[in-house]
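Just so it is clear, A, B, C and D label the chains in written order, and each chain counts residues from 1 on its own.
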Amino acid sequence: MVNLAVDIKGLHLKNPVMTASGCSGFGTELADFYDPSLLGALLLKGITPRHRDGNPYPRMAETASGMLNAVGLQNKGVDYFIGEIYPRIKDYDTALIVNVNGSTVEEYVEVTEKIAGLDRIAAMELNISCPNVKEGGMAFGVSCPGAAAVTREVRKAYPKTLIVKLSPNVTDITEIARAVEAEGADAVSLVNTFLGMAIDAEHRRPRLSTVTGGLSGPAIKPIALRMVWQVYQAVRIPVIGLGGIMDATDAVEFLLAGASALQVGTALFKDPFAPLKITAGIQNYLEKHHFSSVRELTGKLQM
Amino acid sequence: MQKVVLDFTVVSNLALNESNHLLRMRAEESLLAVAPGQFVNVEIPGSSEVFLRRPFSVFDADPERGELSLLVKVLGRGSRTLCGVQPGQKVSVVYPLGRGYTLPGSEERVLAVGGGSGVAPLLFLARRAGLPPGRMQVILGARSAGDHIPTEAYSRYATLSCTTEDGSLGTRGMVTDHPLFDRLEEFSRVYTCGPLPMMKAVAARATAAGRFCEVSLENLMACGFGVCLCCIEPTVHGNLCVCTEGPVFNINDLKW
Amino acid sequence: MVNLAVDIKGLHLKNPVMTASGCSGFGTELADFYDPSLLGALLLKGITPRHRDGNPYPRMAETASGMLNAVGLQNKGVDYFIGEIYPRIKDYDTALIVNVNGSTVEEYVEVTEKIAGLDRIAAMELNISCPNVKEGGMAFGVSCPGAAAVTREVRKAYPKTLIVKLSPNVTDITEIARAVEAEGADAVSLVNTFLGMAIDAEHRRPRLSTVTGGLSGPAIKPIALRMVWQVYQAVRIPVIGLGGIMDATDAVEFLLAGASALQVGTALFKDPFAPLKITAGIQNYLEKHHFSSVRELTGKLQM
Amino acid sequence: MQKVVLDFTVVSNLALNESNHLLRMRAEESLLAVAPGQFVNVEIPGSSEVFLRRPFSVFDADPERGELSLLVKVLGRGSRTLCGVQPGQKVSVVYPLGRGYTLPGSEERVLAVGGGSGVAPLLFLARRAGLPPGRMQVILGARSAGDHIPTEAYSRYATLSCTTEDGSLGTRGMVTDHPLFDRLEEFSRVYTCGPLPMMKAVAARATAAGRFCEVSLENLMACGFGVCLCCIEPTVHGNLCVCTEGPVFNINDLKW
């Protein structure tokens, strides 16, 4: 029996396949299909200090092998999460990870302090890479000082596993990764979406209310894979890989490039069972290729 | 509500007119319950250009026999490819999705107004409502006679009338030009599904007449089961997901 | 009859659809299919001062809605071009544009000076964005000082239309565009390929000999379109748009986003006739929507 | 050399064994000349996962009747989809591509050695060479009897023999274990096409025997007509494009 478990600086995962934030709601929606306890971890929808309406409709445009979204962190705020949602999901037998957002460093810290008090939240993912909000979000993620500043303050307020989610919209992602590692991040996850745009030629209008939005899905996989490989070589902390993972082969590619664990986002929209199928496929791969643990695959690319 | 991803086999694909196809498909197993107004999310088989699934209202379902029917209008690449499926082909379907229409009480008189592919959930509603035809009136609107789909089979469930913009079938004009709209007070409920301008016109008349009115929205969707928050509609309760809180909404909840 | 002609600072194009460099050889290969004179312009394969072998095989990997290449500027050098190739193509009745490359500013200038002497070359495209060479290439294109330095020196040596081709692998492409505009570029073309990677999971090896390569094709279109739109707003010089243009609808989208002309690259591999079909499709669009000239479409996105 | 992009209609799709299909297709017009060893670049119809065209050697062509045949081995997604085409489906083909084999003189004795889908151009060569069967010897190698494709039809053009790794058909072993390889001096030319290790083994024996030898390479291709420079092979003349300078090379030009 191969070992699928992964440990990321104190965060224990029964298997390396997590959902990606914003693509799996709060787990209750997936529970209509299967028991979320089967997931390696459940990444919860991005949370902000206060209620956010998100961006106006339309928020979505399909593209070649991908999609753009401009959701803009719609959520009911951290207090609503703690009062109404947390109680309904806290007994899922898998790692629960909160995706934390803010417009200012103070806002990030505000959410962090509240989340730090929740027993069953195993880790936090700091989202400094959302391209769909005017303030904060990606603004922090595209400069080393910005990324360092948020990480530093949040680190002080959070004792458990702190993952920083990186933006791919940068010239050199390894610089940002090193900057957040230096401030005490336990792991980095990458990539968030690429800033993109779609136009309705017939009506000569942008397809998204916000004009630009975040590109996800298989289209971005080659770039995401390259970034995971670069960051894996640049830092010592674990790398969590994502960006267009649709099947087990994609997942293995990210592991080989240096990922210790994976997130599955857009694939869930096509098939809510994708994470479970991917986990099963990784297990097959390990057996077929005579590995005893998924950890042996990380960075095993032969050069 | 339990949901599943299920492979269906296409049983038949019937071109009803130039742009509408009736797709009948069957699963190996019996189906979960499906109500009028609910929808399914269909993977477009073997298409090079369509990435996401496409949502379609249930036109008919026989859960025990594992049967599901969709009425698909050719709009773009996905629907065009779907309308080209052959009997025997497999189609992956996520279902049941969304909240359907509130079914009328057995003593009520009901008006259902549809246009385009909005016909699908209304005819399913007519069938499931179980009212005597006289108590369920259905008005279907189209541009021209050739755009109407054959609906004779539904005369068992409802009294059907048509409007066409060019007058080639039934009343000339928009659905709201149909004489029944001058007698809205005779109906306790108005249901509508179809193009947005049509639904807005129907809703305006129903509101003016103080009538209960439910509309079915077709917002763009990525997931169809509530995780992506792409399909939202501004409502008096804030931005709600059309795929889970709808697609059917009471117009009192909408900001129209 | 609608007017398809476009002028880009002295460069006259009979229609807005050019081929993209590295995707149309020297035109002689397309001549096996049709008369290259039908093209808006012919962008020639990247040229360096001296012969380059390019990178080892394999140089290509297919990805979702796209491909990676790692050709690495294989070419026989500028003198061979002038002596052997130029004479064979100089009579094509379309604008001929040379794509100029170098490892140092001096090398760029060296090629430029030689090209400047060729009558029938209508313009030069300065490639500061090739991700597939170790020295020069993208290194210049990802920093403002780098981009400015090459442009400045080449500008001095080249009197005709000078287009600078920008790299998308940057945090803010508008900065680079402004930097080259300030140094006298007549136009910018964007985008070159995105740095990406592909892995053969079965053999745990990179699919490209160089590990990373340049991503092109429809996968990148949403990002390219966004960048064209941003740069169009940031500079006054004309923008030439490319990245995943496969059909006339894609082309119209780039025009609406702000492009004055277009380049078609990867699409040629699927269909050598793509540029001609796209030109015809643009003409149809203009007629259907009652425009009298393609120039009216540039930047006509309704916000 | 003039090249075109042409739509063909699939006439038949015959499974020759577990993994090889013979696709016959026809165009509305007569074809340009096609020579043995030349190839075509085929768009995989309606596939969601395949972006580029896929190159296949010409297995047979009847230019006047507009007919083209390919022998396709299922390797990955593209070839699998292509092997699923139905008669009547359209397939877009770019052709003629590359340089074929140098045809032998009418007095020569020739040995052609193929494996896997490398059989295709060699049988086309046998047919076009126009030699009496005794002067054209063909050895086809495979793992097992079931992997061989039926070649009886070609006994008119060549003397055919087989090798199998498991000995289930013909000589046991690799193609180079066939007794004809001990009599290479009887042949003026050796042609080969198939898996790289096989071709290298054949080329080594031919070189050792000082025989003229042409191999056909299957490098990965993006364009197939010389513009992308992705398919290069290092040769004594530098990096050459396999799609325009090949796919057939004289081994003296290769750096094997």
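Going forward, a contact is a pair of C-beta atoms (placed from the backbone, for glycine too) under 8 Å apart; a residue touches a chain by one contact, two chains touch by 3 or more.
Predicted model, so just to flag it, every value in this text is computed and none were measured.
Listed here as common contacts of chain B and chain D: no chain. For chain C, the chain with the farthest CA centroid is B. Centres computed as Cα averages put chain B at a distance of 47 Å from chain C.
Averaging Cα coordinates per chain places chain A and chain C 34 Å apart. Put simply, the C-alpha centre of chain C and that of chain D have 36 angstrom between them.
Residue positions of chain D touching 2 or more other chains, listed in rising order: 50.
For chain A, the set of residues that touch two or more other chains comprises 63-66, 217. By the touch criterion stated above, chain C contacts chain D in their complex at residues 22-25, 29-30, 32-33, 45, 53-54, 56-67, 69, 71, 74, 217, 266, 268-273. Residues 63-66, 68, 142-143, 169-171, 194-199, 201, 203-206, 211-212, 215, 217-223, 225-226, 229, 244, 249, 252-253, 256-257, 285, 300-303 of chain A are the ones touching chain C in the complex.
Residues 1-5, 43, 49-53, 92, 94, 219-234, 238-239, 244 of chain D are the ones that touch chain C when the two sit in their complex.
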